[in-house]
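Each of the two complexes below includes subunit A, the first together with subunit B, the second together with subunit C.
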Partner chain A sequence: MPAPILQVRDLRTQFLTDGGVVTAVDGVSFDLFPGESLGIVGESGSGKSVTALSLLRLVPDPGRVVGGKVLFRNQDLLQLSDDEIRQIRGRDIAMIFQDPQSSLNPVLTTGFQIAEAMQAHGKAKAEANARTVELLKRVRIPAAESRVKDFPHQLSGGMRQRAMIAMGLANAPSILIADEPTTALDVTVQAQILELLGDLNRELGAAIVMITHNMGVVAGLCSRVIVMYAGHIVEEGPVEEIFERPQHPYTWSLLRSIPRVDALRHERLRSIEGIAPDLLRPPSGCRFHPRCPFRIERCFTDEPTLEEVATNQRAACWVTMERARREMHADDLLDIRPGAGSGVHPGEQI
Partner chain B sequence: MLTRGTLIYIGQRIVLIAFTVLAVSSIVFLGIHRLPGDALFSEHLHGQQYELLLHHYHLDEPLWIQYRDYLTGVVTRGDLGESLVNKGVQITPLVLRELTISAEVGAFALIFTIGLGLVLGVVAAVRQNTWVDYVLTTTSVIGYSMPNFVIATFLLLVFAVWLGNQTDGAFYYQIGGGWTGSIGQIWLPAFALGFPYASIVARLTRASMLEVIRQDYIRTARAKGLKETVIMVRHALRNALIPVTTILGPLVIGIITGSVIIENIFGIPGLGKEFAQSILNRDYAIVIGVFTMYAAMVGVANLGVDLLYVLIDPRIRY
Partner chain C sequence: MATAAAVVAREIPSPEQASLWSDAWRRLRRNRMALISTIYLVLLVLVALLAIFYTPYRMSAVGIAPTYSGPSQAHLLGADGVGRDVLSRLMIGAQISLIVGVGTQLLVVVVGVTVGLLAGYYRGWLDSVVTFIINVFYGIPDLLVALILVFLLGPSLTNIIIAIVVTRWMDMARMVRGQTLSMREREFIEAARASGAKPVKILFGHILPNALGPIIVQATFGVPAAILFEAFLSFLGVGIQPPTPSWGSMAADGIAALRIAPHIVLAPSIALSITLMAFNFLGDGLRDALDPRSRR
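Coming up: the complex of A and B.
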């Protein structure tokens, strides 16, 4: 395996709110390899977007990256001066965002906003303008020559996201972070955007970090996936392994809750019982234990660490799904309420 | 920018302004004659002389005929008539000359208002919750809670009395007695006129900037690696200007009407001074003329502001 292009070690990001300190990202470590596409999944509030923003130090107030390292080309991005990190942003590591409607400036033309990304890193204006048209063609925007003069409101949602991607690719970055790039788009356009990202990943060799809550997006685009829950990484591994044999009950529940076309009509949609924890007062032990059907006594008190559960696959769970299947008949389980599989209901301890 | 639609829109608005101006001058024409006293009364004229003067100004004719003649004069020749107090003085050139003086003060006041307001607002927003912000916010609260005549009086006290050499006591020098004049120390009346509005602009700009810099597209701009100053000026300020433009209309009108007081305090022979003087003199014709000018200015100012939107926000097209 080649050397990783980005190494994240023990990243911690906190928000100082009126209610107290929220640790949105709590000790996240992972590697990103050149040219790969890595998915980071989790539900709202799991810390996946904040992780992405932390890499480029774009966390909005009152958020602060309080610890850890983000190593890129032997330098820690968290230690760079404001001007040095500015040089990295958009040139080496580019980022595209969820809602292309609000992420593009309404009063500047799309072409200008793309060209600007190149001029910020020293490209001459004429050259930047010429490349803008090329980029728009590359992301398959029809009539690119005339579209450069259009304002964002004159483009469709899909075209806006294509323009955003063009902006992200403008300086041929080695890493492209995509923060839920398809969430605001309708399904057919989602598929086109994913296909485009996949092509660009293969053709340009840029590593992609795909932040999403959609397991389908991960399956379609990524080769490796990180599952986050309440600020922690709970499982990571190759996409095939994770989809075939998830080892963390949370991953298992997520995959199980994808609606299926072949499900019986009267069957209720499956969800994960309970709500995501309040990060102002995170649960003791394993953060998923209040919602976990397979929890054991230990889960209430001890925090599990990421351990190798299969080749290249790691999970942070005391039980793991292998044992849950063997001992708790996980696959036949209909009742997925907390503790349903394991029979551990120490209510007073919660 | 100047599309066919915009030109048609401008045309429509100009027609509308013309009608408004006509309506205003009609109302003033009919209303002013209801004021007690008249211009000729103060001349202590009696008998035939008085009758002759009345006849000269057609004041002996029925009101509706006077009104008809006046209207024909305005519409066909742009002639606002002759001064009642200063016989033989034509009003149209008089108010036009005074308009240039007032416009000069007004333009400088507007520069203060917008320039100062924007700079203070942006700085306060960028330095939110620091002492810079608190000082600027407090200053602007003081600014818009003080009427312009209070500020004017303070300025006079400081610069004309305590530091008398700063102004020589004069704020207006006429050049050659003709059309052009020069306003000495123009920044004093302009500041008095503009500062209260600058404070409003500053507060609005601050609030607007604070909202804009939390927008997603500002994050995008940062993610591109743009310099912070570029982000603030090109991406944030441009969007923050949109709500500020909205109050520019009432604000310009405030500056125009505020000039009535300021010009009187500083002794600037502009439209505002004439406005007050002519009412006191019962100089009907000038009152109507000045009102007409004011109505036209307000109309044009509003049109100007509406056209500014097009420049600032590409989503707005007429």
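Coming up: the complex of A and C.
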């Protein structure tokens, strides 16, 4: 296995709110390898987006990265000066946001904004303009030459997101962070954007970090996945393993709650009992224990750490599904096995 | 979430897809009062430009007509107390008013926009200091500040402009600060930061263009206020110094003879009133035209 391009170690990000301190990202560690596509999934408030923003030090007020390391090319991004991190942003690590409607400046032309992303990193204006058309073609925007002069409101939602991707790719970054890039789009366009991202990942060799709450997106695009819950990583591993043999009850519940095309008619859609924890007062022990069907006494008091549960697969759980199946007859209890990859329909959301 | 219908609707290219500014111009033209005001102001500017090369008489030539004589064929607006041609002086006065009005607002825009952008974007102690200074300036009576400044610097045209800017920059700074505060949370600013744009670029390349509408409207409303303030200072005798006429000092000259020769006061007063109204109507029209919420 090649050396990781990005190493995140014990990342902690807090928000100082009126109600108290919310630790949105609490001791997150992971590696990103060159050219891979890594999915980070979790429900709203699990800390996945804040993790992504923390990497580039873009956490909005009143949030603050309070600890940990983000190692990129032997330097800790969290220790760089404002100007040094600015030069990393967009050039080495680019980011795509959720809503292309609001992430393009409404009063500037699309082409101007893409060219500007290159000029910010020292490309001459003429060169940047020439490359802009090339980039728009690359993300398959038809009539790219004339679209350059269009304002964002003159483009469709899908085209705007393509333009955003073009902007992200402008400086040929080695890492592309996509924060729910398909959430604001409708399903057919989602599929096109995912396909485009997959192609670009293969053609350009940029590593993609896909932040999403959509398991279908992960299945379609990613090779490895990190599952987050309440600011912690609860499970990580190769996509096939996670879909086939999830070891954390949360992952297992997530997969079980995806509607399935091949499900029997009378089957009801399952949801995860309870609500996401209040991070102002996180539960003791394992943060998932109030909602976990397989909790044991230890889960109430001790916080589990990520342990190797299979090759390349790690989970933070005292029980793990292996044992839940063996001793608690989890599958009998719940008659279907969680999504076996193929049954997951892209676009269906958790 | 964009619905499929909305996406399809946007994808149909409309042939007359107007840009922001041509759209605004179209809407401004539909506003009758704003259009009339624009025409009047264009004429006023032409008159002021004409006055550089030509006035019916020299504006400082004394005794070319009987003192206090009313309007006649030779002197369309009559003559003042020392026999100077009122029309010629009114034309030069238009120059002064426009220079003061537009000049102060240009400076106000430069100062207010810079201060407002920086305070709104960086917040923290800088914002606290700026807000405090703004409040202090609001607290001091502007006439007092202007009088002291003119006495200290001397009553030249430039100094009067500086004095007015010092007393009138706060509205612009506060408005731009507010715009920046709300704008900096918008996603496209975050996206610009994520793409490695320099802070200067974000401020002047992304936030400023979005705030341009309100800035133009505010500046347009600021012009008549500045003109009025200059006229007021000149009326008090601390403004433009003789023999250069200002609408304010012309009115002051005529006030003693109001009973026997009202035209000396009326001519500059009416010119001033119409000009102030025109700028206000134009500002109103611009506000409607540039406000995307009032899009019709």
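Here is the rule we use: the second predicted complex is superposed on the first by the 332 of 350 C-alpha atoms of A that agree within 3 Å, B and C clash if a C-alpha of one lies under 4 Å from a C-alpha of the other, contacts with A are read in each partner's own complex, and residues count from 1 in each chain.
Everything below uses one rule, namely that a residue touches a chain if its C-beta (ideal position, glycine included) is under 8 Å from a C-beta of that chain, and two chains touch if they have at least 3 such contacts.
From a predicted model like this one, the values you see are computed outputs, not experimental measurements.
Trainee: Will subunit C clash with subunit B on subunit A after the two structures are superposed, or do they fit?
Mentor: Result for subunit B and subunit C: clash.
Trainee: Between subunit B and subunit C, whom does A:Thr17 touch in the aligned arrangement: first, second, both, or neither?
Mentor: Once the two structures are laid over each other on A, A:Thr17 reaches no partner at all.
Trainee: Among the partners subunit B and subunit C, which is in contact with a greater number of residues of subunit A?
Mentor: Of the two chains, more subunit A residues are contacted by C.
Trainee: What is the contact status of A:Gly158 with respect to subunit B (first) and subunit C (second): first, second, both, or neither?
Mentor: In the superposition, A:Gly158 contacts subunit C only.
Trainee: For A:Leu185, is the partner it touches subunit B (first), subunit C (second), both, or none of the two (neither)?
Mentor: In the superposition, A:Leu185 touches subunit C alone.
Trainee: Mind working out whether A:Thr301 is in touch with subunit B, subunit C, both or neither, as first, second, both or neither?
Mentor: In the superposition, A:Thr301 contacts neither subunit B nor subunit C.
Trainee: Using the touch definition from the top, say if A:Leu108 reaches subunit B (first), subunit C (second), both or neither.
Mentor: After superposition on chain A, A:Leu108 lies in contact with both partners, subunit B and subunit C.
Trainee: So, A:Ser271: does it touch subunit B (first), subunit C (second), both, or neither?
Mentor: After superposition on chain A, A:Ser271 lies in contact with neither partner.
Trainee: Would you please give the residues of subunit A that touch subunit B in one complex and also touch subunit C in the other complex?
Mentor: 56, 58, 60, 86-91, 94-95, 97-99, 102-108, 116-117, 120-121, 151, 153, 164, 167
Trainee: Which subunit C residues qualify as touching subunit A in the complex?
Mentor: 1-4, 7, 10-11, 13, 17, 19-20, 123, 185-188, 190-198, 201, 205-206, 209-210, 212
Trainee: Taking the complex as given, what residues does subunit A use to touch subunit B?
Mentor: Listed in rising order, the residues of subunit A that touch subunit B are 56, 58, 60, 82, 86-91, 94-95, 97-99, 102-109, 116-117, 120-121, 151, 153, 164, 167.
Trainee: Applying the document's contact rule, which stretches of subunit B touch subunit A when the two form their complex?
Mentor: 214-217, 219-228, 230, 234-235, 238-239, 242, 312-315
Trainee: Using the touch definition up top, name the residues of subunit A that touch subunit C in the complex.
Mentor: 56, 58, 60-61, 86-91, 94-95, 97-99, 101-108, 116-117, 120-121, 151, 153-158, 164, 167-168, 170-171, 183-186, 188-189
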